[in-house]
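Below you will find the structure I want to go over with you.
Chains here go by letter, A, B, C and D, matching the order in which they are written, and residues are numbered from 1 within each.
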């Protein structure tokens, strides 16, 4: 189950090197993760209203090719590993056939005091044990 | 001729006050201006490849209501005043019937040495004299 | 009473036009406002812990000259007008003798329900009636 | 040779979860890398004027503890591995004794056409063979 979004590179995403700034890839990947989670039934915004937040605990990202102003990029998210209090996601940014960046990103749910088990609704949809 | 885009508020756009960060409105308005210009025939990315850049010379923005994580906002752009080397745009951000922010923003085209007359193609589409 | 900070332009602050991105000036001015307020006795971070936030209600900014990667800029803040629930600040960004941007920015204090009178400690230091 | 900078967390660096946004750590680490390189003799800004840019090819970052609005953080950079066309840096963000994040980040120098050997001045200062 690979989920994708399309997102465009604006001036805000670039830097004086003439390419997409390397932290913008991180932001784009979060947009894709948010849409991935939102379509599972409980949105990130609803979780936040209930005092629950996904935090990022690890990012391992390889930058493979530059992206440029005006590019329309595809950002994908799929489950790499699902645990009770965290999930690892495989994420890619591509422009047509070109791989721009690929990452493994681990996120966990927290109420700011401690890590929280992932909601049963999310786990069941992702095939986890709950 | 009012041009609109829809854009969603992600974590990257918010701050610890729990609302959309005030510089994010500025970024969202630029996304809308870019789409406004791109549909006139010469894209911002093509202009950049030819060494031409729109610079912002003035922003007058009123923040009317907060926006929140997960909101889908409409960002509009329309011509307020068209001159030979600059244009003033009226831009609004709304969430349904709620006005989130409204601004008048002046931009000019430059080759980094001096201001450049707006391309005839853009001017003619916008009803200017060229 | 003019308060200034020095801040450097990194890649994160620039765009593919080769200059400082226009929303970065807005962020730099907030850094200066934060330092201006912090030295009055109650820090922005302490206010936030008490559920109080400064919100920006109006920005009127003129961009006068480009700034570049590696520039060290001075960002100044001084009171333009002081009211019971808001203050207008005059802010400038300069690089040596060059004026990069100048703005009048109005901020107000809120507990997210309604506007709050500015703390007496802040008002007294700024010469307001309290 | 461990190089450090101090940097403060402003609203721009936080998100609606009430903590420092995870891409802000990436930006803070670049500020530290820039200062690390700048003090080696050839600044990042000078390299850019000569058409040379450091690009990030790999980031492996662990987020160990949240950072908050108003925090003053220390961001450190030291060489992990030095090659002819790239270098890996060990970077940490700390708040007092608390480790906020730690990363290994690989950067390479490019003229946008191909990777460039690191300047002899930089290599010699870092103890590389040149």
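In the analysis below, a residue touches a chain if its C-beta (ideal position, glycine included) is under 8 Å from a C-beta of that chain, and two chains touch if they have at least 3 such contacts.
Since the structure is predicted, the reported quantities are computational estimates derived from the model, not experimental observations.
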item	value
Which listed pair, A-D, B-D or C-D, duplicates the contacts of A-B in over half of its pairs	C-D
Contact-richer chain pair [A-C vs B-C]	B-C
Separation of chain B from chain C, taking each centre as the mean of its C-alpha atoms, in whole Å	23
Distance between the centres, which are taken as Cα means, of chain C and chain A, whole angstrom	32
Chain A, residues touching no fewer than two other chains	11-12, 16-19, 23, 27, 30, 48, 68-69
Touching residues (chain side chain D, partner chain B) in the complex	11-12, 14-19, 21, 23, 68-69
Touch list for chain A against partner chain B, complex	8, 10-12, 27, 30-31, 34, 43-46, 48, 68-71
Interface residues, chain B side, partner chain C - complex	16-19, 22-23, 26-27, 30, 48, 53, 55-63, 66, 112
